[in-house]
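In structure tokens below, several structures.
In what follows, subunit A forms one complex with subunit B and a second complex with subunit C.
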Partner chain A sequence: MPEIAQDVRQLIIGIPMGPDADDATGRRASALASATVGENRTVVVARPGGPVSAGDGLPRTGGGVIDVQYTLRPQDAQDVPYHGVAGRARAIHAILTQAHAAGAACLIVDTRAAEPTGWIDGFVQALTEDQADFVGPVYGRHPFSSGLTHGILAPLFAALYGHRLQYPVALHFACSARLIGAVLDDPMWDRGAALPAIEWGLASAAAAASLRMAEAPVLTGTREDRPILGLSTTAAQLLGVVFADIERQVRVWQRVRGSKPVLRVGTSPEHEPAPAVDAAALAESFRSAYRDLHGVWEEVLPPLSILQWRRLTTVSQDAFRVPDSVWARTVYDFTMGHRLRVIPRPDLLHSLTPLYLAWLASFVLETQGAPAEAIDARLARVRTAFEQEKRYLVSQWRWPERFKPVKLRRQR
Partner chain B sequence: MWEQINEMLRAAMLRMSDNVAGFIPGLAGLIVIVALAVIVAVLVRLVLARLLSGLRLDQRAENLGLGSAADWSVVGGPSVFIARVAMWTIIVAGVLVGLSALDAALPEAFARSIFGYVPNILAALLIVVVGTVLSRFFARSVLIGAVNLRLEPARPLSLGIKWLVILLAWTIALEHLGIGRGILAVSFAILLAGIVLASALAVGLGSTEWVRDAVAKRRGRTGDHPDDLPHV
Partner chain C sequence: MRSMRLKGSAEHPAWYKDAVIYQLHVRSFADSNGDGIGDFPGLLRRLDYLSDLGITCLWLLPFFVSPLRDDGYDVADYRQVNASYGTLDDFQTVLHAAHDRGMQVIIELALNHTSDQHPWFQRARRAAPGSPERAFYVWSDTDQRFAGTRIIFVDTEPSNWTWDAEAGAYYWHRFFSHQPDLNYDNPRVLEEMLGVVDFWLTMGIDGLRLDAVPYLVEREGTSCENLPETHAVIKAMRRHIDAHYTNRMLLAEANQLPAQVSAYFGSSDECHMAYHFPLMPRLFIGIHQENREPIADALVQTPVIPDDCQWALFLRNHDELTLEMVSDEERDYMYLAYTADPEARLNLGIRRRLAPLLGNDRRRIELMTALLFSLPGTPIIYYGDEIGMGDNILLGDRHGVRTPMQWSADVNAGFSTAPADALFSRVIDDPVYSYQAVNVAAQEADAASLLHWMRNMVALRKLFHVFGRGSLEILPPENRAIFAHVRRLGDDVLLCVANLSRVPQPVQLELRDFAGATPVEMLGYTSFPTIGATPYPLTLGPYGYYWFELQRFDA
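Presenting the complex of A and B:
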């Protein structure tokens, strides 16, 4: 990687704003700007289209605050991402371009979800004192309410790239000047599949370049950044990002074995109280989905997996458990199905949702009422399963003829 | 008198033998043309299949949203389908050219009329195949979407869409062939209107409570619905 001229003291705090940013978001951005401007920190607000209009509560250019514009393409307005900020990836690119010009590091903040309090210092410390290149957030979210992250995204990132980032997909993250210089011209910015969660691509690029990774706590207030789309669409978008990245970084992740914790700055926030989750209803929705969708899953999953999923439709609620290895292999089979386009990709991505709900039901039934340490230990076992079963993915990726879902076997 | 009968029989035999002698070259020509057509057709099929496979037509068709490998499994994939259509077109053309070689008025007229009809047949065939592929594509998408929305009648909905698209494709194809033009269009319109009316009546009269419960559940759900959790 070429050496980038960087000033580790300089930090740009970037606020990507979509076309639908409301007054509250604007006021929070103003508060953040007035609280953090100075001390080598500059706030950059990226908004689509023309200059910031007067009276919308946003700071004007000057006084350490910079307004940048990005072009919102028609496609961005049509394909609303799960977090609701249309064109967020282009806004982030515009902010990173500013940071690159200044040779500064950059912290991306979502003003809808986090109060601009002292947590920013944790990111600054990771970037400056610990020389980290990618800093991910640590939230106090309960795993029941962030099952996609804890059940698929985090274990998959650890297995693929060897770094145990807790939130590889998040609305707050920071990049060093070195990482910004390396990714600014990457083709991923033009790939529609990568745009809903561009931070996954940035993190994987950092891992691919053997850059340092760290995590810092983020104190969020109410979760106004919750997905505005349904679960199925959210899951399809995020898995689309991940599967596209797996195809892009194939030379990197095939060489990685095991995983290691990333540097943690500050103390992790405590888990929020467990949300009310009706595991019985989730399990029942899986049973109902199996009746209708097993034909679709047979186009992706091998006979053994189908048998194990079918077994779950007959067991009692107490015995409703998705083995970690089955879950990991299922995600890997869907990765292969996506690569080989066994069925249209949107259908493939959406059809994973009922299986994820079954995993969530199993996880909730197993850990309901357990202390936070026990839940974390259980999640560590999920991650280990993804790492152990990775050889299954590597084998199938290298020899695609080994990928034999039920329907393909029947045709042969 | 016997001499006259003998003379007539001899003349008839002569005419028949003349006719047979005149027909045999045409028949031989027909056999040769058909045999050549079969050989050329098989060769064209092999070359086309290999060429289209080399051009990754199946994958390109999928990228264009024309269905996946599973959708095309009925006909063996777009490249196999095109190769087969080309082969049978050449064989049918060979048979028709061969029939005209018989130098008979009736087969020639038949061949001409069939030749004029071939484009319609090909277009109708294409419509039916594309319709069948699209019907499977839509059926699967509707099924997955309905399951994720937790709609109870997911499978009937999916089957309904599938058969509606197939029916539409066949109606257009038959219309293209000029078979039962007005009747088919009217029948399809009546059928479609009937389905819509029956669905409306079923929902309006028979399933009022089900609809009310579904709407109430959506409005008043409290934490037990997967969409109420952020998941991320």
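Presenting the complex of A and C:
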């Protein structure tokens, strides 16, 4: 990685805004700007190009606030990402470009989901005192309400890249000037599949370059930060990001074994109270989907996995458990199916959702009422399963003929 | 101020170090217009096949205007495409399509000689002795000059001189008599050739294979090979390319001893790559003798080359398996071992493809390919060898290894829709290697085929830059049927072990330097027992091989 001139004290706080940003979002951006702008800190607000209307409450150039524009492509407006900010990746690129020009680090903030309070200092500390290059967030969310992250994304990132980032996909994250310089010209910015969660690609790029990773708490307050789109579309988008990155970084993740915790700055927020989750309804969703989708799954999963998933359609709720190894292998089989295009990729990505619901039902049934430490320990076992089963993925990746779903319709 | 240099298609200047090169003849690959001759539009349609195979660089045999008395190495116009293969536009379409697929393209520069039909020669033979036109070639009133120079094509050429009645003089040729050697003592020859280089590099090609490069200049009292004046010509060409272009590559064809070949790298101021000719026959000797010594010797004797230079490794190519660079004893051994049919011999070599040479034994083909891929250098795959194509030694010269690519069991092997008697060459139709039995379509459909195996091995090799860039350390186990070596690049350490024998073999490897590391078998990603202080035991099946990553899990 080339040496990038960086001033570790300089921080740009970037606020990516989509075309639909409302007045409230604008006001929150303004508030954040006035609360954080100061010596060595600059707020950059990125908005889609076009005339700027007066009176929208957005900060203007001057006083440590920079207003930059990015080009929203027609495709960006059509493919609304799960978080609802069309063009977010292009906005982030515009912000990082500003940071790069200043030799500064950059913290990306989503003003819809976080109060502009003192938590920013944790990121600053990670970037400056701890010299971290990628800083991910730690939220106080209960795992039941962020199952995609805890059940797939975090264990997969740990298994692939060896870093136990709790939220490899998140609306808040920070990059060092060094990382920004390394990724600004990366082809991932032009790959549609990477755009809904560009931060995954930035984190994997940091891991690929053996840069330092850290985490810092984010206080999200009470704002609504749930996905804008449905679960199936959200899952399909996020897994599309991840699978595309796996193809891009094949030379990296195949060298990694095991994982290590990342540096944690500050105190982790307490788990929020567990939301009410109807595990029976989740399990029933899976059973219903099995009737419609088992033919599709047979084009992705091997006979043993199909038998184990089928068994779940008949067991009682007490026995409704998805073994960690089956879950990890299933995700890896979908990774291979995506790579080999065994069925159209959108169909493949959407068809994983009911299996995820089954995993979530199993997880909820197993950990409902358990203390936070026990839930964290249970999630650690999920992560370990992804790491142990990684050889299953590597073996098939290197020798695709070992990928043997029930119905093989391979298109290489 | 520095002038702008034209960029090549590759991102990295040393792209050739990580390349997997596929050598093909446009004429033999795919015919799009049904005239029986392969062409560029046909190649265009097959680029996805090559991309799927994992190829990163195409090496195209000569496709220029030529009377085709030496399969295109007798060039009559360096700037035009032979009409049988298409047009210059067709070539450019292929070039851009290859670049779009992330493949580089290198072409031939037959710079030692032209066809006797080239306008330069026609002009020279009619020009007055001593004139600049005449001086494009090497003339003599006697056929006794340069008497110490060996004849290369011993089966067909009695002398390196041929009398030209029109010129009233002898002209010099190191190859066929219809291929007069250019005279690089005449500065205008190099000037013209640099114009040819500019023509193709400006178009966007990524490299040039310099054909027959040791023979450019002649001097009395020498072998007329590898002379300092010849190196000066190459240096001048490299200077010209470096001044005007980036990320382009020169590949030297110098069928010489390693020390002489390495001179063609210069001090990184001549060619970027050169063939490792002595290694290839010794791989065949090693596997036949079930003894690693011939292979290890060739590697030990390989000179160190500049960091940005690279050996080109191959098992077979479009010529005979050349035995010029082995000892007389080794050559006799190769003939006895590999040419039960005397028709297979040509000049100082063997005109057979890989599969027939190895008795169509899948395990031996895999082992030899695994060796090729694991040794320091860039591997070159000859078209058709990825499916185990056969040959036809009765077709004369080297035509038997240049037959149509076997795409399917359809008529003419799917190569062409022309009537069979219109094909430029017969397809292979013997019982073992016929296109009905050996073809791409059948192997695509068979997950256990050689084609699938080859595709996976190419991908695996590409995953580890240590293969193309790493150091080499040969291990000396007691069992000589085992060839084991270590490759290192940064944190990547690979251990490659091969059983050259037809029966299972045990081996104890001295791996104390790697104590604590766990060998992870690379094809199946299976962890083997951790290496300790005592010799590491392995057992390999017949013609078996292992590639291990030596991993340290506490890293």
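Details
One rule holds in what follows: the second predicted complex is superposed on the first by the 405 of 412 C-alpha atoms of A that agree within 3 Å, B and C clash if a C-alpha of one lies under 4 Å from a C-alpha of the other, contacts with A are read in each partner's own complex, and residues count from 1 in each chain.
The definition used in the following text is that a residue touches a chain if its C-beta (ideal position, glycine included) is under 8 Å from a C-beta of that chain, and two chains touch if they have at least 3 such contacts.
Keep in mind the model is a prediction, meaning the values are calculated, not measured.
Applying the stated contact rule after C-alpha superposition, one finds that A:E401 touches subunit C and leaves subunit B untouched. Contacts of A:L238 after superposition: subunit B is touched, whereas subunit C is not reached. Contacts of A:G266 after superposition on the shared chain: neither subunit B nor subunit C is touched. Ranking subunit B and subunit C by residues of subunit A touched puts B first.
Touch criterion not met for A:G84: it reaches neither subunit B nor subunit C.
In the superposition on chain A, contact is made by A:R251 with subunit C only, not with subunit B.
Overlap of the subunit B and subunit C contact sets on subunit A: empty, with no shared residue. The part of subunit B that touches subunit A in the complex is made up of residues 59, 62, 65, 67-70, 73, 137, 140-141, 143-150, 154-155, 158, 222-224, 226-227, 229-232. Chain contact summary for the complex, subunit A toward subunit B: residues 82, 141, 144-149, 169, 223, 226-227, 230-232, 234-235, 238, 275-278, 281-282, 285, 288-289, 291-293, 296, 299, 341-344, 346-347, 350-351, 353-354, 357, 360, 407, 411.
Residue ranges of subunit C in contact with subunit A, taken from their complex: 52, 447-448, 452, 456, 459-460, 463, 465, 492, 522-527, 549, 551, 553.
Against subunit C, the residues of subunit A that register as touching in their complex are 250-251, 254-255, 257-258, 391, 394-395, 398-401, 412.
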